[in-house]
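Quick one: the structure is below, questions incoming.
Per-chain numbering from 1; labels A, B, C and D assigned in written order.
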Amino acid sequence: MEILSGVFEDLTTGAPITLFIRNRDVDTRPYEILRRLFRPGHGDYTYFKKYGHFDFRGGGRYSARETAARVAAGVVAGKMLEPLGVKVVAYTLELGGIRAGCIDLDLVEKSPFYCPDPVSSQRMEEAVSNTRKEGDSLGGIAEIRVTGCPAGLGEPAFDKLDADLAKAVMSVGTVKGVEIGAGFEAARLKGSENNDPITPSGFGSNWAGGILGGISNGDEILLRAAMKPIPSISQEQDTVDREGHPSKMNFTGRQDIASIPRIIPVLEAMVKIVLADHYLRSKTIP
Amino acid sequence: MEILSGVFEDLTTGAPITLFIRNRDVDTRPYEILRRLFRPGHGDYTYFKKYGHFDFRGGGRYSARETAARVAAGVVAGKMLEPLGVKVVAYTLELGGIRAGCIDLDLVEKSPFYCPDPVSSQRMEEAVSNTRKEGDSLGGIAEIRVTGCPAGLGEPAFDKLDADLAKAVMSVGTVKGVEIGAGFEAARLKGSENNDPITPSGFGSNWAGGILGGISNGDEILLRAAMKPIPSISQEQDTVDREGHPSKMNFTGRQDIASIPRIIPVLEAMVKIVLADHYLRSKTIP
Amino acid sequence: MEILSGVFEDLTTGAPITLFIRNRDVDTRPYEILRRLFRPGHGDYTYFKKYGHFDFRGGGRYSARETAARVAAGVVAGKMLEPLGVKVVAYTLELGGIRAGCIDLDLVEKSPFYCPDPVSSQRMEEAVSNTRKEGDSLGGIAEIRVTGCPAGLGEPAFDKLDADLAKAVMSVGTVKGVEIGAGFEAARLKGSENNDPITPSGFGSNWAGGILGGISNGDEILLRAAMKPIPSISQEQDTVDREGHPSKMNFTGRQDIASIPRIIPVLEAMVKIVLADHYLRSKTIP
Amino acid sequence: MEILSGVFEDLTTGAPITLFIRNRDVDTRPYEILRRLFRPGHGDYTYFKKYGHFDFRGGGRYSARETAARVAAGVVAGKMLEPLGVKVVAYTLELGGIRAGCIDLDLVEKSPFYCPDPVSSQRMEEAVSNTRKEGDSLGGIAEIRVTGCPAGLGEPAFDKLDADLAKAVMSVGTVKGVEIGAGFEAARLKGSENNDPITPSGFGSNWAGGILGGISNGDEILLRAAMKPIPSISQEQDTVDREGHPSKMNFTGRQDIASIPRIIPVLEAMVKIVLADHYLRSKTIP
């Protein structure tokens, strides 16, 4: 990676920070088939419909390679949040239907799946291994926690903090669902359960996930994202060609079995970017 | 409602369309207590933390009254979508834990809860009635379906259609979770299950919810939103005053038991606004 | 004028401030002719070409009535600048070819033409009176001075302070030219003359007009705007109808002889709006 | 120059087009003095005041090197305008007080100063040569003409075409004044002179410079920009150091005598960028 602009003698200058990552490990041959056929579950079809013409090499602009830029930007955002004491940590709550039974944040970095429960992590490893043999792929759920976020981040109506977080997280290619705090579970709670009591020492519970009225309340911000199984699988699938004729496809590019663990730093980055953006917009937080 | 600008002799002029709704049924007295105390589950606390000073009358800027503007804007957006054949319908999938057992879109408008299943609608009515007696409130889940949406809406990376829909829906005060297509269920599917096969007559399934790579694929767009129970309840709750001293609060403003059914048209409106916006941004769809 | 939002108990709330001015003195009959004919020098022709349909009542959206909104917004912007000690004053440098021979800012408010030279002000009055008899109109030049502006306002490359000021001033309907500091005269100076020496007590001259590299330098900001003569005149003019057939037109709506003096507060407002905007964007000026 | 993104097999893809120009001819040593002293007439002083810290190498972000990016973007914009038949040509109207006596557009490219009058071009050459000997610099005036622009470009009130052109042109470092059509001369015309009559075959004159009510009228768009003399001169100048102490400075970096002729393609580029932007915003022009 090269820093093209925005930094001089170890300090930012106010100019845009350009981080430049050349993809040097390129082999576009496996993707030549995309000139003709659409991979199910990928953006090939919609890009063709929208643009008529698109760069399919490496899986196109919607390739997960694009998340490298997000992670890089997240590092810059993190530098802004650090002095505020804001910490963002993401981990795997569920993979292939296997759910972490306990959450020990100290164990996250030790698990190859960023799973906070060592027993579940082991079972995830087996599930991934079996799924690889089947030529199939797995989905999962990540949880992201933000500690140390001051109250007051978020803008009313148009750029609420939870709305911006939802957009940022949903914009990651593999994500199909986002929830804040109690999330979908809130639909089954009563008001008397779901309301977090306010006490002199803080909130008595955190079903809100740290955001009220679209603005951070100073409590831990908690969100979850659901990731679909990676669409590239080693099984023959039904598709059509650019003229609409039926076809079979067995695509082998570079593929993982699950977006987890690689998605975890991406989700952390997206949350940091949103928080840093709202911090810059805030005049009341020094 | 009054149209202040943007329309002349029954046609738009290109000027901003200003729809003006005066709130003529105002009684701010019940809200005077907000000068001192924060209602749990509302934005009172965060607005005070952010601004130090805020207009609490009617429950403040984060009051659900604000959604009237969203519905009004949605009507304008709908006028743009109509000639394209785009139809947006929202309905109640779940209320207080009671789930619609079947989806008959023709019955939606006949249910006081916009519930597409008459049996469930009846049970919802009972649940709401019982909850009112308890002085409590209920959450729910809405589902939104878009038919007739052409392929090609959505912008890569920064304004993906699913990301913008997630932001729009999450920006509605009561919403705590959003999912597209299979949503959180996708986390438990395998790639071979979740990938929608492409056939000459369309997609063989719709786990994607009509969006691939952030761009509409021409299939039905399907999303769900989870609503928390309304935080205003008729029970005494713990809170603090502006100086942080503990207090008890029993707030009685104007309150519903559940945001359903009123939220249903709001969600429809938000989806229409996003689609109309992306339609205007599109150069390839005439 | 009515304040619809954004202010509560004499303080802003962070919500958009909506200032609402109903035009109660309306007579649209003289404008009915615009349904058929285009006034030379007005936007009638271009609005018709762009939109096919436009609201011509009162002279359309491009009527100078629109500047009332600019002046109102300028008052709000001024409230932000006041505590910083920023003062903006505009005056008439030239009207109908008559130029102010001296600049006494104390006299500006005393002249019906906001002219800082009482002798010239008297001659302007005569010129306007004569021109009215001829059924014609006059142009002029305004000068705007900003004192007390701190160094550091303006953003590199894309939103330079001088560029934003030029846009804001040029966006006023009647303006055809904008210059900063030495302006067009700078084209005839040598570098050794035009460069403002920097001394411990400030700049030795101010050909730059208070802006260097797109950023305020702490010196007085100085700009000038050229206004065309008002296009509505009481003389018969050549035009065409909507079908392109030649026609004669003698339009009598509500018209002034010169945009001066009315434009002076508008130009002050536009400059205040730009400065307040850049002040809000600035993180280094407290 | 390298194209990093946005083009695939000779066609744009809808992704951002990144044009990458590495500055390979770098010698930062002459600029080391900027660590301590501010050059009069440059942005050194204001960048220091705004940021406290800035990258002064090559003259900083406000160096005229930055215009290479503008010219590159202008080429892309031009590709959009070409099929519409829009042509933009800029030339030198005046340099060091010497004005072109006639405008023969065919001669522009033949003059080393882009001057459309060969006699004046010769005199400009002498003036530049003499000024170089004096160690001084010269300003000038450029004129830009747009032919073939359809009526209907420009957005009411906030992004008028003339306002956007003024901003774009004023954002070029050396520009101190912008005028459209009659410009400052309009201030001395009467309405009966300045109004362009509308006839079946077009406008009878073009004092408006092709824009009415902020929207193009289909006639030639005409604007002029005044450029200050280049601030870098080979004479000793008064300045201060970062602590405010008085100092003398004799800066020798890479310098021209006048921004003309180099600025001419930059101004063409800025006008093309604005026109292409408004073309993309337009729905009525195919």
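Criterion: contacts are C-beta pairs under 8 Å (C-beta built on N, C-alpha and C of every residue); 3 or more make two chains touch, one makes a residue touch a chain.
Note that the structure is predicted; figures quoted are calculated from it, not measured.
**Q** By CA centroid distance, what chain is farthest from chain C?
**A** Greatest centre separation from chain C goes to chain A.
**Q** Pick the pair with more C-beta contacts: A-D or B-D?
**A** Contact tally favours A-D.
**Q** List the centre-to-centre spacing of chain C and chain D in whole Å, with centres computed as mean CA coordinates.
**A** For chain C versus chain D, the centre distance works out to 23 Å.
**Q** Could you put a whole-Å number on the gap between the CA centroids of chain A and chain D?
**A** 43
**Q** Taking each chain's centre as the mean of its CA atoms, how far is chain B from chain D in angstrom?
**A** 48
**Q** Of all the residues in chain C, which ones touch at least 2 other chains?
**A** If we look for residues of chain C contacting two or more partner chains, we find 14-15, 50-51, 61, 156.
**Q** Could you tell me which shape the graph of touching chains takes: line, ring, star, complete or other?
**A** Its topology is that of a complete graph.
**Q** With touch defined as at the start, can you tell me which chain C residues reach chain B in the complex?
**A** 8-9, 11, 13-15, 50-51, 53-55, 57, 61
**Q** What residues on chain B touch chain D, complex-wise?
**A** The contact residues of chain B facing chain D are 14-15, 156, 280, 283.
**Q** Using the touch definition up top, name the residues of chain C that touch chain D in the complex.
**A** These residues of chain C touch chain D: 38, 40-47, 49-52, 60-62, 66, 94, 96-97, 131, 134, 136-141, 151-152, 154, 156-158, 160, 162-171, 173, 176-200, 204, 207-209, 211-218, 226-233, 235, 237-240, 244-246, 282, 284.
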